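Labels for the chains are A, B, C, D and E, by order of writing; each one numbers its residues from 1.
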Amino acid sequence: MLDVRAMSKSFGGLKAVSEASLTVSEGNIVSLIGPNGAGKTTLFALISGFLKPDSGAVTFNDAGITGQRPHQICHQGLVRTFQVVQPFAGLTVRENIAVGAHTRIAGRAAALAAAGEIAQLVGMGTQLDQSAGALTIAGRKRLELARALATGPRLLLLDEVMAGLNATEIADLVTVVRKIRDSGVTIFLIEHVMQAVMSLSDYTYVLNHGAMIAEGQPSQVTKDPNVIEAYLGHGAAKRLLEMEAGADA
Amino acid sequence: MTKRERILGWAFIVCVLALAPLFITSNRWIDFLELTLFVAVLGQGWNVLGGYGGQYSFGHAVFFGTGAYIQALLQYKLGWSPWLTLWFAISGTTAVAAMIGYLSFRYGLRGSYFALITLAFAEAFHVVSRSWSSFTEGGQGVQLTLNQDPALALATFQFSFGGPFMKAYGFYYTILAILMISYAATWWMEHSRFGAQLVAVRENEDAAEALGVNAFLVKMRAICLSAAITASGGVYYVQKFLFVEPGIAYGTAKSVEALFAPIIGGLGTVLGPLIGSFFIHGVGEIAKEAIHGVFGDRPGVDLILFGIILVLILAFAPRGLVGILERVWIRLKARGDA
Amino acid sequence: MKNKIKNTTRRSFIQGATAGTALAAAGISGFPHVVRAAAPVKVGVIHPVTGWAQYSGSQCRFGALAAIEEVNASGGIKSLGGAAIDAMLGDAQSKAEVGAGEVEKMADAGVSAIVGAYASNICLATTQAAAKHGIPHAVDVGVSDKIVSRGLTNTFRFGPGFGAITKAGVEGFLAVNKAAGNPTKTVAIVNEETTGFGAGIAGIMTKGLAPAGIEVVEVLSHPTPNKDFRNIALKLKEIDPDVLIPSHYYNEGVLFLRTLQRQKVQPKAIYSVLGGASSQYRFVSEFPDAAQYVMDCNHWFDPRNAGALALQKKTNAAGLHYNYEVFLAYTAMMFTLDAIERAGSADRTAITEAMTASTWGGHIMPYGATKMENGQNTGARPLVMQVQGSDIGVINPSEYATAEAIFPRPA
Amino acid sequence: MLDIQNLHAGYGQMKVLQGIDLNIQQGEIVALLGSNGAGKSTLNNNISGIYEPTAGAILFEGENITGLRSEQVVQKGIIHVPEGRRIFPNISVRENLELGSYLRGQKNRKANLDRVVGVFPRLQERFSQLAGTLSGGEQQMLAIGRGMMAEPRLMILDEPSLGLSPLLVEEMFGLIQDLNKTGLSFFLVEQNVMQSLEIADRAYVIENGKIVLSGNTDALLDDPELKKSYLGV
Amino acid sequence: MEFLGLDLPSYSWQTVLGSAISGVFLGSIYALVALGLTLIYGVLHIINFAHGALLMLAMYAVFFLWKLLGLDPYLAMLIVVPGAYIFGYGLQRGVIGKASHGRDEIILLVTLGVSIVIENAALFFFSASERSVLVPYDLDGIDLGVTYAVYPELIALGGSLLITFALWLFMSLTDTGKAIRAVAKERQGARLVGINVDHIFAVTFGIGTACVAAAASLLVPTYAVHPQIGYLFVLIAFTVVVLGGMGSFIGALVGGFLIGVTEQLGRLYLGESMGVITISVIFILVLLFRPTGLFGQRSG
């Protein structure tokens, strides 16, 4: 469904993403992990049209979308959320979601009604008339998700929707994300919260220093020494192996 | 406020404005109301783009002036009926707005840069209107022929020499009609997809784009609607005073007047510019009367006050008078319920 | 503050005026006491006393109020049983629409006539608004000829319009030139084009000067305000005309003449037509060097008229400048009060009729008997003045002359 | 040296820190571990006076510094080298370093400058270059060097290894140890768990604004909880 | 003479050169006014609409010092410049900083409000009439052949170079200057080295205001003072700042000269009135196509 080929992007002298490729197939939950500063969000921005790649191509549903504007890409069914949540602070939750709903619904009343339904889906049914600026971090994350969902996407790019949430909130949101997938929306997510990644993903890509260093089933990926090094630092893999050896003994 | 309260509130305001002149025998106060409504129209023009769209224009006179000049020049040069020229004035100004909007938004000007470029356009139009004498009559301005035949008052869109009712109230109801149409248009916008997307762009352009909003197109529409409303103010001005010159049309006064009303009244609300206009003109009148007792005719008193009010509102009541009124209303209701 | 009137409140002025009348009445208490049964007559006085035209507007207001004060002090409107004139002051804030708004207020307050409103564009708006209510409106300055060419029956201009002034300017110049033995071959015109009052001057000048063999070699227009005259000075240096004919407002007049001085541009003469600075006492006192020998065809009082000189004294005493604004507004008000006296009524129509038929000759201007034609006083004419030393002397026409023209100017 | 008691803080209506207790002894390196959004930067910004906590207390050498402005905190000798370095990109490397002693250590500016370039000879090579043109590693050196110019007593290092290559990270941690030997205390916030635990004396693990784990680094290294929270296994 | 199909009047080279030189003089005035504006923009990202009003206020101060105390306008600088610094400092700290909530558009409106208050207060207290200072050396100067340069013009030109140089020295040599530049790009970093950012903001605004007061002293011998005088310069000063690059002193200087010369030549060939449109056109083109200006740094 989504195919990213040899994507590169530099800022100044710094290569933020270099030759990254990935595939997301329909109906899956695919995750993108990697340490801070690895270039994950940049890759999302490249896919969703917020940044223009230096080289590489994005294909979505067999159509090239490289270099298109974000709103055009959104209309084709690919929509992203932001790691740093970006609510329309002056609007209510319902109005926020309705902006997304307007992508497919012209009428104001219908869009507002649709917003209500989506809010129920992500568990914000009671907060509809609250000002978005007054939401907690968890509320904002849900709103971010709800708004994106309201556009009626085929593929949803979620950028760290779990970050900053507590265990119960994460568990709730994991359920919501599953529900969304089950309703037929493919999901591609950046996540730091490994529990979430492990329990949700069908497939995982690992990005470090802008390059893909591993991919595969989540359980396999976390055993990859490259990934462990990337996450826990130099020498970590060795130590972990020693620890495990010690534990086995 | 509930929807019902809002509708009732609007009905009340419309009735008061429509019937007010019938209870006011004084020309002075009708003139005061007329001027206030005129500024409320300019203010709504600004509000559509600045209040709802977050694009603060510092040169809105460019739309007022262009509307006024087209209205005046087509009558003056080609002898067209004002009822015909007004459509050209509004659509012509909209075209100018589309040009300015295209350049500004295509090249991604936001915030203070947008303010500066609108200012620059107003100045450029000012220079051209002043210097291109063969086309604009230059600094002398365009003076339309005054109709003194009461029978032709309606046909010439000039009410000063119409029948007693027309003479007294003709322009009042003209500006009121323009106000109603422009406010209805703004109301419609607020409750439409376009309005929702415009506000989304104001709040966060990137997030809006991510949700499928074509920010460029939305801003283009906003600047066009804004210009059309402002131009209709220009049409009224020309018909009322039969005169336009570069300073009136493109000077800073109109640009500033246009932004005072909505900011003080309440940005991004339909009612804001109207309340703001009434407030500043009311305060201005009172201030002038008060200062008169102490200093005589001294210039600038009302503007000093406007400036201070503007800064105070920006500092302490970013939602303007409408925000304050809403809070008071909610508190009153809470007390009533208790 | 130079302008005292500005500091007085409207109320205190009216009180002052009433007190003046009361005093006048007290002064003649030896005579049978005249009980003033007649209600005061309200006259509107609209000027831009704030905004860009504030200086001139305030000067105008002073002149108009001086006239009212004088009439009230000498017993009010006699045909109305000594009714006092009650001035209703309006501030046009230098904006046409505000001026029109002030007319509405005055219509409400029941004024019998309006005098004002200095700038042409404001006059266009106020006369039209006054026409709506049938209020006679005497225009004091407003030189645009459009003001009196719209067929408004309520509008009267006592002073000359732009066309008349330019024509008189040509005649005056030819006379001065001839007296000096026709030294002028070329002239250059420098005029403001923003408010359009200098527009059309080139055409009239070219036509008028051609028979005398004088060529208009260059017309240099500039906006108002204009902050730099260096280019114009440079062009003039290159063209090197015999005589310069500027026509603009005060501020530009000052800057222009100072720039000529700085750039050492020294034509045989500077002869302005409605030169904002040239024949203003303020300019002469602030920049005596730049003002020296400048000639100007402009509004001027009859220098032999005692009333004019009395007004000059009064103006100076008030710390104001005795410029055209003062005596034109004074005269326009006097003309209005004379019409009220003749009409013997505070009724607007009656006063309008009296204005139309006016033959008033008791004014301080060099106009002769009044004759209104479509609202324009056909006798109105400007004079030609020249700055000589610290004074401004009238040099043309000869019947009003107080000084001999110095032309060409000494190096 | 630093004693944080029941600290609550957040942004507007958003609560981030919900009762943090933490202390650092003179001469220690204390590490703070935690995932994105756990509240690490919020904690640092509240210590250094960028934000004001809503409740709780921060004591520095027994003195209550809660709610002091950042320049007052700097004056006390707490220097915060923030995440993302926050060097001044538009002025030269030298000027960056000089501004390090804007408030504190002004008198010994020259000597300190020599000391810093002694530690980071690379910076001297780039002295007149605009700081924004430096590479990521050099920028990190500059940020630490700038902090050293103020003669710090406690240095808060927020993600110093972010975006650095493994070799540079190694170098960085070695440096921290060297500086620590000169008596400087460190509060080290890192995602690079293993390496920071290797050099730190003690560590705290923060989750959702609360400290969930703390103790000596050796003990923590063997704690299975830690591995779980980082790799989810 | 024909240019791009337009039939332009032709002048002798002396006139054209003279006009260009006069553009340099005019440009030095523009640069003077723009210096403070660009400093304030560079750090505070404030497009200071009150700049013209502050210029006007300072010009009145110079005028009254001359009128009442007989103080030469250039000497008046010794009083006006420190006074303006204090006024500017207080204005930023007490009004603009407090009212603007740190949002660019709001700052714009606040400074607009401040300018309206100052301008109309001047109108209220000083009236609209023009007031001129006449210095004894008003007409003395140097004959450059194609044009005369009087001392007030030469002093203004020298002043603009000197003040630019002095500002540059201040910004590169003093800790405060470095702090100002540091704050311009990195506020949080500045806080963390102990810079009181609010104070630096106000200092910057103060210095910007002091610059405009110095400009006022240099302007007064040539230009009459009235409440609207600021408006005459400020729009052009914005153009200069945008052209030169927001925050760049050398840009302000070069931009000032460029605009001055362009305007004078524009007026020479297109007419005094239409000629000034060159300024608006440059303004619009730079904003659209090169918003960083000639010497501006890329933002972000």
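The rule is simple: a residue touches a chain if its C-beta (ideal position, glycine included) is under 8 Å from a C-beta of that chain, and two chains touch if they have at least 3 such contacts.
Quantities reported herein were computed from a predicted structural model and do not represent experimental measurements.
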item	value
Set of chains whose contacts include both chain D and chain C	E
Pair joined by the larger number of C-beta contacts - B-E, D-E	B-E
Label of the chain whose CA centroid is most distant from the centroid of chain B	D
Separation of chain A from chain E, taking each centre as the mean of its C-alpha atoms, in whole Å	49
Gap in Å, rounded to a whole number, between the CA centres of chain D and chain A	30
Chain centre separation in whole Å, for chain B relative to chain A (CA means)	45
Rounded Å distance between chain B and chain C, as computed from the means of their C-alpha atoms	36
For chain C, residues that touch 2 or more chains besides their own	6, 50-51, 54, 193-194, 223
Sites on chain E at which at least two other chains make contact	123, 127-128, 271, 273, 276
Interchain contacts, given as pairs of chains that touch	A-B, A-D, B-C, B-E, C-E, D-E
Touch list for chain E against partner chain B, complex	45, 47, 95, 98-101, 104-110, 112-117, 119-124, 127-128, 231, 235, 238-239, 242, 271, 273-274, 276-277, 279-281, 283-284, 287-289, 291
For the chain A and chain D complex, residues of the former touching the latter	13-14, 35-37, 133-137, 160, 163-167, 192-198, 209, 219, 222, 228-229, 231-236, 239-240, 243
Of chain A, residues touching chain B in the complex	48-50, 69-72, 74-75, 79-82, 86-91, 95, 98-100, 102-103, 105-108, 111, 147-148, 150-151
Chain B - residues contacting chain E, complex	54, 56, 58, 103-104, 107, 109, 111-113, 115-117, 119-121, 123-124, 127-128, 130-132, 252, 256, 259, 263, 298-301, 303-304, 306-308, 310-312, 314-315, 318
Residues of chain C that touch chain E when the two form their complex	1-3, 6, 50-55, 58, 193-194, 220-223, 225-228, 230-232, 234-235, 237-238, 250-251, 254-255, 258, 261-264, 286-287, 289
